[in-house]
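Shared chain: chain A. Partners: chain B in the first complex, chain C in the second.
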Partner chain A sequence: MDLAATIALNGLTLAALYFIVASGFSLIFGLMRVVNMAHGSLYLVAAYVGYAVFEPLYDRDLWYAWYAGLAAGIVCAAISGALMQRLLLGWMQGQELRQALVTIGVSIIVADQLLAFYGGNPRQFFAPDAIFGATQLPGLGGYPTFRLVQIGIAVAVGVGLWLLLNRTRLGMMIRAGVDDRDMLGACGVNVPLVGVAVFALGAALAGLGGVIGATAQPLAQGVDGRFLLVSLVVVIVGGMGSVPGTAVGAILIGLAEQIGQAIFPTYSVVLSFVIMVAVLATRPQGILGRA
Partner chain B sequence: MTFSLSRRTALMGTGALLATPAFAQRAPIRLGGLATLEGPFATGGQDGFRCVQMELERINNTVGGRRIEFIRESSNAQADVALARARKLIEQDNVDIILGPLSGAEGIALRDYSRTLTGKTIVNGSSGAADTTLRNPSTNFFRFNTDGTQWMAGLGNHVFRTMGIRDVAIVAGDYAFPYAQVFGFNIEFCRAGGRTTHYWAPLGTTDFGSQIAQINRSDVGALVVVHGGTDGLAFMTQYAQAGGNKPLIAGSIMADQSMLSARGPHRRVMVGMISSGPIADVIDDQSWRDYVERYRRRWLNEGGFQSPSIHGVNYATNLAGILTALAAVDGDLSGNQAAFQRALAAARFKAPTGADVRLDHNRQAISDIFINRVEERDGRAQVVAFSRANGINQTLNTPEAAFLALGSPSRDNPGCVPAAT
Partner chain C sequence: MLSVRDLHVRFGQAHILQGVSLELGAGALAIVGRNGMGKTTLCQAVMGMVAASEGEISLEGQSLRGLAPFRIARRSVALVPQGRRTFPSLSVDEHLRLVSQGRTARWNIERIYQTFPRLAERRRNGGTELSGGEQQMLAISRALLMNPRLVIMDEPSEGLAPVIVEHLIQVLRALPADGMSLLLIEQNLRVATEVAGEVAIMVTGRIAATMPAATLANDPDMQRRYLGVSAGGH
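Take a look at the complex of A and B:
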């Protein structure tokens, strides 16, 4: 029984990581209609840059090493995202296929550059001791603290996004933009600027996911593709552009992966895609997506 | 990247054509290197190329009076990718010999590919699936490194008899190489009377939380870890974080510098771990100490490890086979490489570890296996050999027919045969 509880908790903590990464993807798609195939690259860039900041500080045993890496990763991803929108995607607004192809190109270039620059060695962040050890949970025994922290961060991201979208002026503009970009522009809102802001925000979430993910799992070349795929599946299952939908999708996929691993490890990968196929067949817009 | 390479190759090809009449005899030998510079074994692939480059520099890129041109290509431990890159080396780069691949399933794919080639030779890099050479071997595929099953020789008996452990949990990747390793371990361990529980996970798994939870709740006497690369790192890190404290036994690519040199909590639980394989960091052998010294001088300041990894040594061993044979035929690859391939089959030399290497009738290496323990030495974790078995062949020195009758290693046939009654 406690095994079932542990597996469920593992699924939820993995879902938390998936939610953080996929929410940025979903947000960008929601407003910009850009299927950002370079979302995984933003994850990877943030993790590597964050690590470059983190390692020398960690060597000197500074307590804020991890936080500095986290901040550096997020800022770097946000700037990369904003630049991508400003320099590449902005002037092909509305040409969705072209934008998708451009972002694929960006992801290939970024992956090779990172390999050339950082090499193939796997890396991993070490969080401060306070959140890195094991926590005693009633009925479960020791459980890795960082996985619990992941849930906390994901909940904070979810609530933060909800507040941002529903309680702020920027959120109002974003929601209006999702419904009708032209009318929003006609009301005097600088839509391209809102686009850059949204892109930066979505990329920052990928960056946050990058550093959190590289603390929970090793960081290596190739994880960009994995997290892009996860983001796509999560967002397709949950519904494009919906924050609650992304959360539902992430929970389904995270649980499926961990339960699959416990029951039929070889085919656990298939389970995620079975869920995706089932959702596409019965509700093509995603579980909480708008038709 | 691929495009610019092929364009350069085309240019060089034109150059070679123009130069043909004058230099027909002494044109360079084109050696294609295939290793995983991407994916879970990127670290091992990089180290494989380090050791190859070091050896080619030592002989000044020349053997039997001919220059060697080394062309690098990368895969990601997936068989289809390795096959595509090998084709590219043969068809576009026009190499004479391929040195590679690194990972188990890739080896089987390239063995099959080698059958379709005439006048070309594939010499393994570091892949260690048993069936690559044991079943249905190909006449122009050679492997001078021992395989994953051979690497486990002596480990099962050590765990059962010396450590007195009666049942173990085995975690392993779900593909050809770990099958071979688990098979090698189980043959001895189960025959001695041990019991095993298996936890398989596909290559590329990064979250082992649920398997670790199951293992920590079971009452097995030890945990055998047959992962490697980033999978191995993820497993050990998460095992350490989850407070795992069972005695650890490891497959050959787990107790390795590619793992010990990565930072993290896994290093704490790895001290004391028992493993076996074709190398160790510390072997009581002068030629190995010299090799390690040379490696450190060359690579320590350029991203290399404190001591070469298993993949690096395997690539170096296979390259040594190629060079021995090329020297024997004086660099002559004519006649569809027939003389060269005969020389490969007959090659006898010493691996960097000081172990004697020769090939069996399947063109598979017979060589030495070490049993090792991870110890803190000089302030860092090192794999120290404490026992050595000489001349282990592919059937673990048991009659070949009986060994083949056990069937091909797989998830459903992990080699657990109880003692004959």
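Take a look at the complex of A and C:
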């Protein structure tokens, strides 16, 4: 019983991280129709830049080291995303294959540059004392506090995105743009600028995920590919461009990975893809996706 | 107001607009013609949604050609497109708030709800939960709230019940009094001739003739020749 509860909690923790990262991917695809193959790179860049800010502050024992690293990672990812849209992808609006290929190119360049700059040694953030250590859960004993915080952040991101999309003017523009981009422009809305804002927001979520992910587990080269793949699987299962769909997809994949690793470790990787194949076969638009 | 000179639009090999020229002053100009003559392409070219290969489009002396649709919209041009193209994800109220210029504007949300009480009843409904007539009212409201100097309407009466068409005619006839010029594309000859003072006939990508609305309304021969209709145009 304890084991099952622990596995479930671990699954949800992982799902939380997947949701944060994949929601940014899904948001960008929803409005821009860009399959951003450099989404994992944004995750990685944010983690490394965040770490570069974090480390000297942490060495001086400053309490805000982690928060500063988190902020730096998010801002850096957001700026990178906005520049990518403005300088590269905006010129090829509507040419989806070309955009996907350009972002693959970006991801390869970024991965090599990061390796050249930071080398191959793994790094890991240390969470501040307030959210470090263990929390006693009834019937379960101690559970890492940071993992619970991780779930809390994911919930906050989900609620925040929902409010943004449904309660703000920018959200109205994003939804209208998903429906009919040209008509939104004819209504006087600067659609390319909305696109840059959405790209910055989606990238910021990758950055948030990067720092949180590098706090929960060591940061190393190659993680970008893993999180890109996870984002793809999550949004394919949940439904491209849908925030609730992304949440459902993330929970399914997060739980599947953890349960798989507990029950049949050798083949656990297969489980995510079995789910993806099953969804594609029965509901190609994703569980909560619009046809 | 609007001046179009020798406008050409090509889609690959297809030469859709073959040198359209027209002048619209204050008031309304209707463009009639059979299907496939390039009327919708003309609307989209003026709005910047399709690229013109040659020619000039200007609004009060300022060139519009080559500008992005949102820049043309900000120069006070609004479009009520064919097929309405309301946003399925937005409620009626959100459509209006998206384009509203505030309470003090000549056309504001309150005035829209007074003019189209049906929309007020449906304000929380989504853009696709409306009937065809309601969607058309919404598409027109979306354009009016921008308080444009020029409104382009692409077959607003298409698929509407006769009683709604009457309401539409009343609304359109009142637009010039609000300082708006209207470029009206219509298949329904009665709507075209009742709303506009002048009617242009479009044939295979060109304006074949321009005449006072009354002339066309009273000449069944000409209607048959250019439009393939006998009388009434329904």
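Here is the rule we go by: the second predicted complex is superposed on the first by the 291 of 291 C-alpha atoms of A that agree within 3 Å, B and C clash if a C-alpha of one lies under 4 Å from a C-alpha of the other, contacts with A are read in each partner's own complex, and residues count from 1 in each chain.
Convention: contacts are C-beta pairs under 8 Å (C-beta built on N, C-alpha and C of every residue); 3 or more make two chains touch, one makes a residue touch a chain.
These figures come from a predicted structure and were not determined experimentally.
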item: First (chain B), second (chain C), both or neither touched by A:146; value: first
item: First (chain B), second (chain C), both or neither touched by A:217; value: first
item: Touched partner set for A:79, first chain B, second chain C, both or neither; value: neither
item: Chain B or chain C, by number of chain A residues touched; value: B
item: Partner chain(s) touched by A:180 [first = chain B, second = chain C, both, neither]; value: second
item: Touched partner set for A:232, first chain B, second chain C, both or neither; value: neither
item: Which of chain B and chain C A:258 touches, first, second, both or neither; value: first
item: Residues of chain A that lie at the interface with chain B and also at the interface with chain C; value: none
item: Touch list for chain B against partner chain A, complex; value: 1, 37-40, 42-43, 45-46, 76, 174, 199-202, 204-211, 213-214, 217, 229-230, 233-234, 237-238, 241-243, 262-265, 303, 411
item: Contact set on chain C toward chain A in their complex; value: 47, 49, 68-70, 72-74, 78-79, 81, 85, 87-90, 94, 97-99, 127, 142, 146
item: Sites on chain A touched by chain C in the complex; value: 169, 172-173, 175-176, 178-180, 182-192
item: Complex contact set, residues of chain A against chain B; value: 2-3, 6-7, 10, 13-14, 112, 115, 119-124, 126, 132-134, 142-144, 146-147, 216-218, 220-223, 226, 257-259, 261-262, 265-266, 268-269
